[in-house]
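Written out below as structure tokens is the structure these notes cover.
Here the chain labels run A, B, C and D in written order, and each chain numbers its own residues starting at 1.
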Amino acid sequence: MSTIHVGIIGVGRIGHVHYLNLSQMPNVSIDYMCDLLADDSWADKYPAGGRFVTDYHEILADPAIDAVLICVPTDLHPQVIIDAAEAGKHIFCEKPVGFDNDQILAAYHAVKKAGVYFQTGFNRRQEKNFRRIVEARDAGQLGKPEVLKVTSRDPEPPSYDYVKRSGGLFKDMMIHDFDIVRFISGEEVRTVRAMGASLVDPHVGELGDVDTAIVTLEFASGMLGVIDNSRRAAYGYDQRIELFGSKGVAVCGNNHESETVVATADGVRRDLPLHFFLERYKEAYRLETEKFFDVVANGGEIECTFEDGIKAVRLAEAALESLNNGGAAVEVKPIE
Amino acid sequence: MSTIHVGIIGVGRIGHVHYLNLSQMPNVSIDYMCDLLADDSWADKYPAGGRFVTDYHEILADPAIDAVLICVPTDLHPQVIIDAAEAGKHIFCEKPVGFDNDQILAAYHAVKKAGVYFQTGFNRRQEKNFRRIVEARDAGQLGKPEVLKVTSRDPEPPSYDYVKRSGGLFKDMMIHDFDIVRFISGEEVRTVRAMGASLVDPHVGELGDVDTAIVTLEFASGMLGVIDNSRRAAYGYDQRIELFGSKGVAVCGNNHESETVVATADGVRRDLPLHFFLERYKEAYRLETEKFFDVVANGGEIECTFEDGIKAVRLAEAALESLNNGGAAVEVKPIE
Amino acid sequence: MSTIHVGIIGVGRIGHVHYLNLSQMPNVSIDYMCDLLADDSWADKYPAGGRFVTDYHEILADPAIDAVLICVPTDLHPQVIIDAAEAGKHIFCEKPVGFDNDQILAAYHAVKKAGVYFQTGFNRRQEKNFRRIVEARDAGQLGKPEVLKVTSRDPEPPSYDYVKRSGGLFKDMMIHDFDIVRFISGEEVRTVRAMGASLVDPHVGELGDVDTAIVTLEFASGMLGVIDNSRRAAYGYDQRIELFGSKGVAVCGNNHESETVVATADGVRRDLPLHFFLERYKEAYRLETEKFFDVVANGGEIECTFEDGIKAVRLAEAALESLNNGGAAVEVKPIE
Amino acid sequence: MSTIHVGIIGVGRIGHVHYLNLSQMPNVSIDYMCDLLADDSWADKYPAGGRFVTDYHEILADPAIDAVLICVPTDLHPQVIIDAAEAGKHIFCEKPVGFDNDQILAAYHAVKKAGVYFQTGFNRRQEKNFRRIVEARDAGQLGKPEVLKVTSRDPEPPSYDYVKRSGGLFKDMMIHDFDIVRFISGEEVRTVRAMGASLVDPHVGELGDVDTAIVTLEFASGMLGVIDNSRRAAYGYDQRIELFGSKGVAVCGNNHESETVVATADGVRRDLPLHFFLERYKEAYRLETEKFFDVVANGGEIECTFEDGIKAVRLAEAALESLNNGGAAVEVKPIE
């Protein structure tokens, strides 16, 4: 298997995760890492990082590069996608694919025109608990799906600065759940109804966002669904899914650091769930890039496409519109 | 403690449960059982049943009778309540307290005027798992409640005949959940939004009802809630509640006949949850009547009042109105 | 079904439990309660208790009495059994059936000669978790049994006075486990090896007893087994069984008051197991007497016989002999 | 951090595991892999494997080599250890350290004399569930330890050839448990009593070994312990530990591929535990070598020493002696 030459564009929290995973893949060579703050001193921190540049065009100009990982802030995604596609690079792009609809579509068309592989970074599709639910569904164990429930709670709220730039809870946080409901059900969502409030911190409301939300869904088949989100769970990251069907139900709880239970006079206790997404989805992050490079190397189907990325944005837009309309039913718009 | 003399009016499935529980209470004497089908041959089946009559007025006319249990079909509740109140009998009445609003209010006023004790038979308030959630809330372990989730699924759908007479899923089945959300949260619901479908059996839709529903709730404090119901769960009765707050979450699963787990080459398996409400709420049925008779004997506060019974009906009405209006937010009406 | 007339002989903790259960059985009449401390004032405490006597011969002399429950101290069991058998009464006797071997055999022969029903009060045979293991075994789900493990720990150690009169841990506490291993396996134990120590409280060792013990077992089929006991578990009553076979394993944990789990920043916690035997085996106590009276009324097989009672004593004797011989293998003696 | 140059001596199942882990460690260079079957064609399978040799002396003669991993058959361990120590190489050696006592001691003295680091490959000490038990113990949550229980069952029995060369169940399989009881308790074992049988396959008995065993332990503090082993568990690898103390108990179950539970009309089911040691202890294998190289690079204490390796052998020898003496108590011999 020949080596895939890669550049990582944007080295924040997620770019760092991808660096760690790629640096252990025998068939991947990280030739560039690009970040506004990057310089040669990064070689200590990123010994497998290749060259460190501040301008991603330098990466795109290198004909040896096969693929790029786009981990810059969301509002920059579309332009980098367009540039990378025009340079003929395969693209792995973090979620969400963008904020502005025209920009997203421009990027989408650039990718289609260039014919490069494009994967949206919805890492949760690789999580074993969730995939086990899909397996049960595909095996027919659950019969015809009728109700899908997703709970997603972060351990602690983000900073006000993050909230301001985030695009709002629906596009920043629930976007994962909007993708996962499509993945778990194998169906499209027809209509969305949303309610939300700033219960964790009233100031979030003053910033024009919510930190607690419940969204209900009607799927193409008639299946009903509900997602609940909170920006803060005192007991840690809480990510659970339940798919209920005519023949049964598949439910997954959280993952824990250990299975050990300690019973004392105070009660029967186990440790908290894995603290946050880097712990819970550690293996999922590795798998999603591994699969991407496998398709780049050997061809095949991208599991989470550009269309998937846009559809999640459409769901988030519909939820926001519903929230602004007192929870009225809003039809999910098509990609274009 | 002197003996309380009781008549059971209506001996269907629930009347039978109450008979069994009352017959084991040392301070309760069942002096009458009333049913359209009752006759003296019932003495074999109900050895502790006292006299068997077909007209409940006979019971009400007996000055020795302290209290009645009303277990007749729902549409008859208000009239029997009025008659019993006017006869000065304390009243335990099955849920829902009635279908017709004017009749319900007439009964309500009759009870207020008579000054008799009145308890609505929302047995689930006595269930240990659910009460443990309230204990955690009251102990401050959960902090300020923010999200309440209730799942309630029956093992199998009722007959078409039952569906026709039931008053619909919201008044017949979800009525329990409408009460339990008020009990678990200790708060009133302000607005309701409902979605529903006949996913289990399309014919239920032709009968004008739904068999699958998701209802979202806004509480007075701003807390959000969601209830999901299905008339059929292949794996048995599924009754779970989750109260999420600023400091933690309390979650309860189902009860099982045994704790035994069997692991073979096919998987790690435990038996299904307790099959249906008679099994799951067996002890709750006993406790609710025990507490009623305790108040009748010794005074004190009725835990589940007539007002509670009416408020659950108001929630069901709001949900039905929302369902008929595309899931629009509907404010819950006051008692009168 | 005609009424069975019963006398309860000995009204300590267990006699009280039996009173409560029998007083709710429609076909059982408690005609007498006998205790050294009994007098007519007991009618307040035991309204269904019939007459209160201090000499059990008074009960045995009453021809209306069908059966007696023997709940006196263990050393008195054999004499009361003999007297009751000679009076032609059916006998339910608490465990263990006695301490002194000659006395036990004399009682055994008296019962055989009289031809009355005799049940040993090993209530745990009725516990649902344990019976579910037997069901799995009988259904062939476990294949050929190979290893049986029993854990049994009390929440708190008994008083020194109790320890002195108890007959020692093997005859007083592990006697239950010696019976349950025969029940769960459906096999006889061939040899026993014991180790023990006074780890909870050294003074127990000075009294000639142990409070912590591990006993290993070889069964007739070659199956191996192990029982571990402790007189004190800080987290409450701990009663678990595991039967491992060629095709699988059946494991049961403890029962809890509720299924509710509370997760906070401190961990994920559930309440302690049911505190002690009166809570854990409440239903088992009821079932064992119900089944006894069913056989008395309708004939059939006693599920836990006099032989079962004696075999458990033989196992306890073998364990004690092994402990006194450095844990050497001791063959279990036959009944006589 | 400078690079550590390493040779892997013996490339069977475990040597392969170590190769995979080492090849991903940035500060470790695998310069040699040695195996009787090795040749240059191995470069395809082991691209990070350095040179492939059939004589380990070639590795020891290379002054660039810092450390070796010894993964050859157990009977060869002592000689390779001696040669490596004399060559001044740090040594990571698989368990058990050897079969023959004189050879083991010769190797032990050679290592002491050379002053090289030596780690015994008891990987389970790194398993998170087990370490969580030790954390609970060290934090005082369990109080004074009183009973330690270890269950260890393989998914399927090894081949007859393997059984013949294995040194027997105690030295081959339970050796892990003999080490883990010392690690979990932090104490030495004083006496051992063993019972065993060939219940899985009678032919194992004809080969002079057992496939099912229960061993009881007395620790220095008076704590009691029990280990049960089976060579076959139909439901997969079963590795559980329970440490019971004066203030509580810590219990760990097995790890599973997913947390997902599927409930259908057939029961409530989850998938089997992780199938075997390569899956269950995958991370533990990585951690043990990572820690070894950390000490080699930076100094510090080896967590699992040569003494630990020998003490586990002493326990296995005592168990075998006890088994051959009808389960009599056997004192564990000192290292020399």
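Note that a residue touches a chain if its C-beta (ideal position, glycine included) is under 8 Å from a C-beta of that chain, and two chains touch if they have at least 3 such contacts.
For each chain, UniProt lists the protein as follows: A, B, C, D = Inositol 2-dehydrogenase.
Quantities reported herein were computed from a predicted structural model and do not represent experimental measurements.
Ranking every chain by how far its Cα centroid lies from the centroid of chain C, the top place goes to A. The pair with more inter-chain C-beta contacts, choosing from A-C and B-C, is B-C. Averaged Cα coordinates give chain A a centre that lies 42 Å from the centre of chain B. In terms of their C-alpha centroids, the spacing between chain A and chain C amounts to 58 Å.
For the pair chain B and chain C, the distance between C-alpha centroids works out to 40 Å. Each of the following residues of chain B touches two or more other chains: 234-235, 247-249, 263-265, 271.
Those residues of chain D that touch chain A in the shared complex are 24, 26, 47-48, 128-129, 131-133, 136, 141-142, 247-255, 257-265, 271.
On the chain A side of its complex with chain C, the touching residues are 234-235, 263-273. Of all residues in chain B, those touching chain A in their complex are 143-144, 146-147, 149, 151, 153, 193, 195-197, 199-200, 212-214, 216, 218, 222-226, 228, 230, 232-235, 238, 244, 246-249, 326-329.
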